[in-house]
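Letters A, B and C mark the chains in the order given here, with residues in each chain numbered from 1 onward.
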Amino acid sequence: MQFAGSHILSVQQFERGDVERIFSVADRMAPYAHRRRITKVLDGAILGSMFFEPSTRTRVSFGSAFNLLGGEVRETTGFENSAIAKGESLYDTARVLSGYSDVIVMRHPAEGSVREFAAASRVPVMNGGDGSNEHPSQALLDLYTIQSEMAASGRSIDQLRIAMVGDLRYGRTVHSLCKLLCLFSGVQVVLVSPRELRMPAEIVEALCNTGHQVLESDALEESIAHVDIVYSTRIQEERFSSQEEADLYRGRFRLNQSIYTHNCEPNTVIMHPLPRDSRDHARELDDDLNDNPNLAIFRQTDNGVLVRMALFALILDVVKQVDAHARDVNWYTAGRF
Amino acid sequence: MQFAGSHILSVQQFERGDVERIFSVADRMAPYAHRRRITKVLDGAILGSMFFEPSTRTRVSFGSAFNLLGGEVRETTGFENSAIAKGESLYDTARVLSGYSDVIVMRHPAEGSVREFAAASRVPVMNGGDGSNEHPSQALLDLYTIQSEMAASGRSIDQLRIAMVGDLRYGRTVHSLCKLLCLFSGVQVVLVSPRELRMPAEIVEALCNTGHQVLESDALEESIAHVDIVYSTRIQEERFSSQEEADLYRGRFRLNQSIYTHNCEPNTVIMHPLPRDSRDHARELDDDLNDNPNLAIFRQTDNGVLVRMALFALILDVVKQVDAHARDVNWYTAGRF
Amino acid sequence: MQFAGSHILSVQQFERGDVERIFSVADRMAPYAHRRRITKVLDGAILGSMFFEPSTRTRVSFGSAFNLLGGEVRETTGFENSAIAKGESLYDTARVLSGYSDVIVMRHPAEGSVREFAAASRVPVMNGGDGSNEHPSQALLDLYTIQSEMAASGRSIDQLRIAMVGDLRYGRTVHSLCKLLCLFSGVQVVLVSPRELRMPAEIVEALCNTGHQVLESDALEESIAHVDIVYSTRIQEERFSSQEEADLYRGRFRLNQSIYTHNCEPNTVIMHPLPRDSRDHARELDDDLNDNPNLAIFRQTDNGVLVRMALFALILDVVKQVDAHARDVNWYTAGRF
């Protein structure tokens, strides 16, 4: 795809080459995100951060990514904006807000809303999550993390063995990740969930049609024995009709250091889209894994900054200029990463 | 007036020459707002954006305008600040907050509050709307839009023919616009409203005293036949005692492409302070006007950025320095404006 | 202490030399805070401003201080972040958020929360207030104000005579200020409160153990007769079980210009942590003191910016570079301070 000026709305818009291009740019963002150098390549540019649904970490991650490229951020959170309450169409909102910035990241509770907004926007729009539909930068940061964790042992996404564990029915991130995995080859996917929370059939089908090997299971320990990645997820309690119903599933699949040691291959990487539920009745990833060097959950969120910087740099067409606007960091940064 | 260091509290503080000065500076802001050039003239300056009443677009418009001049923005929204709830006076609030920035834009639900705040502030204060009282930057952007739309056909604000339509009783913007029109000459104003929502008598009187010609009507089609501008407004439902009462008036005056074609002169410009109410029972400006090149409603909000940049530049006395701190934009901006 | 890379969590972590170091750096920040010069020493750095409990002025003061050093600010307010509501631990929150910025200021309603957060953070953390526990930058700005007010008459914090008045039981600021005073010598402290709202015994004991002279009283006028500073406080109504209970104490100790004139020595300085309660039934500091040049309450909040700038500069180890990244201000600033 042509990145300059494009909207980023869905993982479905990418071909393999596009993903590889994004990841290669993300690699080049590391010195800036890790505070060894700063760049001012987007000095003077404005990001409109329009979070019509709250999500602190996604919002701050996008905002920091834009700041790290030298740009400014103007934000809104919630529906405090009564314009929509006063009957304004998304078309009007988009026409107006797109006059205030150079690029927009938007999150909205309604499925499809970001695409509708983007159609009326005069500047590129990035989907920061539209209801249960899409959250493409999350899927990209997950896959980028998989690639970089695999690279540490000389491997790649092709021929990956991954177990996805937990609420595979409502977990938006695992759906999007599977779609991206369909761009690669020879992947083995073990889907571990309660029967009622299985991965939607059309996604399983897409994996199979790609030639990937898919296994479904409701037993954790045997399923994580021969994989490179365990991707654990939280029960999406807000999607159930009651807490009682969510409680039926919460805590069903718990990974802790002892289970890890007894079942996993050495160096099996543990991932999670976060937040992980650390309350006693849940604990899908136990705190005793915090010292396990293969726990990659915070490398995931760190990688989110790299991927979002890469998307901004590509959309605004400044990739080649990043290093020319750079200098060394002059403040205390020891022990950051 | 002397702009440097002044508060901007009311349209009443301007003489014709002041308005012309603001508009002439706004013209010079276009290359920056339209992303052909950036300027860092206010690099290091801080805007305190104090929105004690939410208004996303006014807030973001002011913030972006300040960013476009190179400055930073510190914001607050709502009364999350419990200081006022704890019995603090506006005097104290102003003394404290004015120590944190170089200029303040303030919105507040109480009439007169911004003026009281400004009296205690140590930095210039701009009124971003104080209840039903004043919203001077909105009135200025409306008039600036009228001037630039008229200029496209070689005309000016003098001798303008304008129809104002809808809720003329509670619509703050039409009141302020009329006050500004009193600075010009030979204007014909057609006021179209339900009888109960007529323009307040003192404003009609002010227009007449200036020598302007004023017609009042409750019939839309004949009233828009011989004007340069149709300025439509939303029913201010929040000002009525009930939705039922607001519903009596909502949808009374609807302009759509067919009515426009059959009644208006060619190139009659359509304006609206936004948000327009696009729900079925309202639709004061139909969506089928969206492709009409004379629909100026989004040029209005775009012009808001120019006018607010101009006000900041004048108040902080940097007009002559803007271009000296400028350079070309280095990122993707195709098809913006 | 070693400032570079340190957390600022409690006034208890400072020795006298540390406080003096902070104040000496704060002195050097005056030209920047008072807008005679700007510095870009932290150009490219990001402050994560995490206010899990609202506090507009503390948040804006920290943010402005960081902007004045040239850095950017990413913010969150409230618990809109549902991650904690979804069962996320503070450990996880800290690991994630500390990947988005170079330094964090955090406010949180739970005592000890900021310390727990800091233990997991990868970047320095400043405590912006954790419940009834600590608010170290407030205590520092109070003491810094005392020092600078005393310096105006050729005196210092040693041998200071101070009266603290009001709700000494629940007032977090007077507790912290007393702890800092224990680093100095020969201080006379008069504690004026209703019997039920006396200063906690352990703090009185700490003052006495230092060799300071402590007097407790419930009579205002005689207590303020021979002091250098009257530090008045608001009744912390939110800490009482009912408004009725708070009303028992509110308005008990009121200082106004007449009482000041009849009882105080010339040049006795009046301080207050703000907000002061200006409602009729409270008025611990009357509005008729506003023209008294010894009313230092707004110098306190102004000094807060200096002290916070100093803390940032020390923690990020850029004190020696500040002036090298500076230039004169080029916009209107007359009559600011």
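Here is the rule we go by: a contact is a pair of C-beta atoms (placed from the backbone, for glycine too) under 8 Å apart; a residue touches a chain by one contact, two chains touch by 3 or more.
Just so it is clear, the structure is predicted and the values come from calculations on it, not from any experiment.
*Asks:* Same or different for chain B and chain C, when you check if over half of the residue numbers at their contact belong to both copies?
*Replies:* Shared-number fraction below one half, so different.
*Asks:* Chain A and chain B are the same sequence; what rotation (0 to 180°, nearest 5) superposes their CA atoms?
*Replies:* Angle of rotation between the two copies: 120 degrees.
*Asks:* Report the inter-chain centroid distance for chain B and chain C in whole angstrom, where each centroid is the mean of the CA atoms.
*Replies:* Chain centres of chain B and chain C, defined by C-alpha means, are spaced 40 Å apart.
*Asks:* On chain A, where are the residues touching two or more other chains?
*Replies:* Chain A, residues with two or more chain partners: 72.
*Asks:* Spell out the residues on chain B that touch chain A in their complex, using ranges where they run on.
*Replies:* Residues in contact with chain A: 35, 38, 40, 54-57, 59-61, 63-64, 67-68, 70, 72-73, 77-78, 234, 237, 274-279, 282, 287, 290, 297-298, 301-302, 305, 329-337.
*Asks:* Which bits of chain C are touching chain A when the two form their complex?
*Replies:* For chain C paired with chain A, touching residues are 4-5, 41-46, 48, 72, 74, 76, 80-84, 86-89, 91-92, 95-97, 99-102, 122-124, 315-318, 321.
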